[in-house]
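In the two complexes below, subunit A is the common chain; its partner is subunit B in one and subunit C in the other.
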Partner chain A sequence: MSNMKLHKKMGLFLVFAGPALFAFISVLLLPLIQGVVFTFTDWNLVSDKFSFIGLQNYQTVFRDREFIAQFLLTIKYVLYSSVLSNLAAFTLAYLLTSGMRGQNLLRGAFFLPNLIGGIVLGYIWKFIFSNVLTQLGKSLGIEVLSTSFLTHPQRAIWAMIIVTVWQYAGYLMMIYIAGFVAIPQETQEAADLDGAHGLSRLLRITIPLMVPSFVICLFISISRGFMTYDLNLTLTNGGPFGSTQLAAMHVYQKAFLAKQYGIGQAEAIVLFIVVALISVTQVMLTKKLEVEA
Partner chain B sequence: MLQKRILATLLSLAVLLAMFAFPALAEEQVKLTYYSTSAEVNTMFEEMFVEYNKLFPNVVIELIPTGVGQGQQEQLASLYASGNAPTFMNIDPANALDYKDKLYYFDENNETWLSNLAPGAIEAGRLDGNILGIPFSIQGYGLNYNKRVVESIIPDFDPASINTRDALQAFFEKLDAAGVPPTMIHGANWSVGSHYLGLTYAVQSPETEGGKAFIEGLMRGEIDIAQDPIFQGYMDTFDLLVKYNYNKADPLVGDYNADTQAFAQGKCATFFMGDWSWTVIGAYENRDEEFGFIPIPWSNDPEAYGNSQVVATMPKIMCVDVSQSTPAQQKAALEMLRWMLTEPAGQEYFIKTGFSMPYTNVRDADYNSMTSSIADYMSKGKTINIGAFVYLTGDAWTKTGDLMLKYMVGVIDRTQLAQGINEYWRNVQ
Partner chain C sequence: MKKRKSLRFPWKEIFIYLSLALSVVPFYIILNNSFRTTELFISNPFSLTNSLSFHNYVYAFERMNYLNAIFNSFLITLFSVTLIVLTASSAAYFLLRFKWRINKIIFAVLVSAMIVPFQAIMIPLVSIYGSLNALNNKWILIFMYMGFGQPFAIFLCHGFIKNIPLELEEAALIDGCNHVQSFYNIVLPNLKPILITLLILDVLWIWNDYLLPSMILLSPMQRTLPLSTYSFFSTYSVDFTPLMASLVMTILPVLVLFVLGQKQIVKGVVQGAIK
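Moving on, here comes the complex of A and B:
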């Protein structure tokens, strides 16, 4: 009897979770395992033959000064872009839940950039930085704008950050809006009666109650930031002279252009571990700040 | 009612039978796939395959296209890895070398139609001693010049007169004095890293082996590129190009459309680029018609190899897969190649598209002025052999190209550039 029950349960489980589980295993889990195996080989992407070379690829990764420099650059990019996009998103959400006129239209407008894919977005902004802004700079006589943002190593990485913030702010704003709306009206009124207005209400009541939104938004912006490739490819293509090449792009070039698949894959694994560690730490730390209303 | 139902059943049965019967009738049908890395001419191949199917109904060819600027090496790797290797393809010789264990070795005794190739052309496909592929087009590069602009300042300009760096400098000074920006560098790593810096390796010797040996010497650390007179010479000339660069104000923009347009409309006199730019320039409105090529001299010796020549190369070769294709498919693919490359009907597609074919039996055709200029250098034997490029590693053009861009804008000096290039090659595995 209990065996029957178990069978039935298993059957039900497979009906509902089976397809997703199959997809997860075949496109995520198996490639990950296969990828890890390749990091111990000297496969060149083309040959049928390869040999196992132990941890040599990982040693190469940590000796590759270029990879480490690009990793640090990626961390800088992630730091600035996630802080700024969350600030922008929170501010927008705050304004657009305050009952201002046309707020629904504005919500839609700010969310729109997120519906454009990273590739197209990159090309659009490339045009803006290289053609529109330079024309503007030339006709208005503004020295800084007369040359493209994308041809200076320092300014090019900021161009990437600006576009990322522009793209993600609207998406994160939606999550923050949901957070704002979820705060019970009574709590707000009670705070008002107790003398918490304006900024102090925001800092002492609203923000602590919205920690779950922060947890999600920070997680999304940090993990996506580390994975950025499409925008990197279309906006700067790593240029000028490789100065804005983020970690993901380096991995791709090592594996597919230099045909050192094992090294590229080992770099990807290192990237994966670092991102996982940072994300888990972030979620654990911010979760602790959650409070009940 | 019943009759209707019977009729319907019979009809659907007939359709079903027909569906099963057809393949049985056309038993001999062969399906081929063709992978093209000549992204700008996908439609040419599509039309050709439709036509071929009309002539030979039992051969169906499906095109696997690539987009302009799309990762070609990567796509081929994934086709092979997923068991979907194309039956035949056009790829870069360097890629063919990577796949040499999986490709058909052409033999001049079996494929007698190879005798139609222009003398020496087969060498483009002979890699590591075997003929891995067959070339089908000639392309070239050098200092492209706009005839209208140049001749308005120097009425009877002869490109052959530029065979020393001093001559090039005097030429640039004349243009500059007349108020025309003398030249333009496309600020992208593939142009300055692969095409320009690559000359340093190729010009080491008219033979491919000489350039290959030079690259191997760099890899082993036996050669210090800073000590090489050809490298130093080409960099001196590069300084000259940088000094008179039309894009001087913002040299790293690297906008291919903007650059080709500026050159086509005569906003600068010369442009370091190849005749492939015609595929873009030919489509512009309000452009000039007449262009030609000038050599890029690296020294002041008019006799030195490279000073009176431009690059002419057969950039892509046609290969046949043997690792995943059946013997019947291979046979059909070889027959198709014979038709496309040596029959007038097949050649017509290439000629109409503007390809200059390295075949002796190809009909005379009016090409655009850039292609004609390259062909002119070829007929005079005044070409630089860049066969050594096959031995450049996959990421050489990005890594050394980025160094060249840094040098161009003055972030590093020539000593650091040479150091960087040495370092790149010594770390290649």
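Moving on, here comes the complex of A and C:
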């Protein structure tokens, strides 16, 4: 296919890759470039004129106590929800590959929340936290439950974490199940003959062989955590008193409600860099593990 | 051995069924109370409904303009996903089979774009398309999904086309097929498994997406299902049980899809995560 005439090749390029690249460039690449350039200017969506102001927007971002606090809160949310959802997912996957009765149906039930958008899940759990659990707490006399988690500045972030774990456990479980199934039968049998049963087999044979699944699942939960928006919007809407406003929601508020576009955009780029660093680490880790396996 | 097994304490089963209860009870509470009145729900959210009154459903169905919303969601999802699948698979084919140096660069740019969070683009996106007077238009939204869907879709197809033997296409070309024919007759049918994966992931993404359409589709008549759920909740926030009926109606279409194709959906989602 290399001795084709250039204009014919150009024609084929336009037919095969043209539509895809045109859409990609006009909705993703150009806005991204413009977005990066604008963080170095005093641009404000409305007027056409703007001038370069260097790193001033970024300085404002890093001096903004509220943004720093909400970024740290996001890290806390991401850490707890990732660790807990992976723990739950691995346990479920372990039990649901052990030949339990009705295991396919059970897997489906745990996976179900992942088909539903964050907007709807947030509303469902809002009812659960503010009406159902409080009622339960009152009638059973459980102090912690009798007032809603969502009205309590320290506990509201835990409502976010609980729902995230509840949702992602079933999704990550499916990836762990694929990992369990991929362990060759012979390895299991050899371990059995060598006297490795139950817990010791899990710790010495199964878990080391599942390291790639752990890497995938951890990074999925971490990078998604940093971008959480929908659930945040409908479950807590950042409240009470801004105590649960995560980074993605902060960016939205800064830009579209406070109308500080340049600063909002600079915050978005900071978020982008954090997520990018996490993804690059994942790719490098995965490659390294593939060589060793 | 067998005796020991049947006598052991069933901690596995207890753990699984407790988790199952935690996982399903929220849905059950919403479904049960969607048939009751708000007063009954507040006084006791656990007691069973004693009537199958669809009053809340009728109310929610009208107020959230359900038919219109589901039609919009359906149209947007259908066109976006079809366009992504067709344009991305052919682009991946070109990038892989035609040895231009720039193809490698284009592919690298596409793959790197996979990690860009939507928040990093949304502000300039709204500004650019706002200044072009292109907001509030379903077709612009579809075009945007087509663009945002490319990186992952091309990446997925690229990995798959690599493993299709070149001989098949070469034979077709010798037999007088042109490149377009050989793509549609030879490559595309072979891509079927990966295209199904892609289809499932993109349907779930676009059907449930909220943030992008909330910025593009401004008029009430344009709203998709998540948008109309959101606006229904913000407008009628005092009467709880019709809101629950609206949640049930929003979940219903994906639930039907899941029951019909559970195996494929789970497989697709796992494939998409591992790749």
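A few remarks follow.
By definition in this document, the second predicted complex is superposed on the first by the 254 of 293 C-alpha atoms of A that agree within 3 Å, B and C clash if a C-alpha of one lies under 4 Å from a C-alpha of the other, contacts with A are read in each partner's own complex, and residues count from 1 in each chain.
Everything below uses one rule, namely that contacts are C-beta pairs under 8 Å (C-beta built on N, C-alpha and C of every residue); 3 or more make two chains touch, one makes a residue touch a chain.
These figures come from a predicted structure and were not determined experimentally.
For the composite obtained by superposing both complexes on subunit A, the positions of subunit B and subunit C are in clash.
Touch criterion met: A:258 reaches subunit B, while subunit C stays clear of it.
By the touch criterion defined above, A:147 reaches subunit B but does not reach subunit C. Within the superposed three-chain arrangement, the count of touched residues of subunit A is higher for C, of the candidates subunit B and subunit C. Contacts of A:241 after superposition: subunit B is touched, whereas subunit C is not reached. Once the two complexes are laid over each other on the shared chain, residue contacts for A:164 go to neither subunit B nor subunit C. After superposition on chain A, the stretch of subunit B whose C-alpha atoms clash with subunit C is 80-88, while the remaining options among 26-34, 44-52 or 80-88 stay clear.
Across the two superposed structures, the residue set of subunit A contacted by subunit B and also by subunit C is 45.
For subunit A in complex with subunit B, the touching residues are 44-48, 130, 134, 146-148, 150-151, 238-242, 253-254, 256-260. For subunit A in complex with subunit C, the touching residues are 1-2, 9, 12-13, 15-17, 19-21, 23-32, 34-35, 38, 45, 88, 91-92, 95-96, 98, 100, 106-120, 123-125, 127-128, 131-132, 135-136, 166, 169-171, 174-175, 177-178, 216, 220, 223, 226-227, 229-230, 233-234, 248, 251-252, 255, 261, 264-265, 268-269, 271-272, 275-276, 279.
For subunit B in complex with subunit A, the touching residues are 71, 73-74, 77, 80, 98-99, 101, 187, 189, 249-255, 393-395, 398-399, 402-403, 405-406, 409, 411, 429.
Only residues 12-13, 15-16, 19-20, 22-24, 26-27, 29-30, 41-42, 44-46, 83, 87-88, 90-91, 93-95, 97-100, 106, 109-110, 113, 115-125, 127-128, 143-144, 146-148, 150-151, 154, 179-180, 183, 204, 207-211, 226, 229-230, 233, 240, 243-244, 247, 250-251, 254-255, 257-258, 262, 265-266, 269-270, 273-274 of subunit C touch subunit A when the two sit together in their complex.
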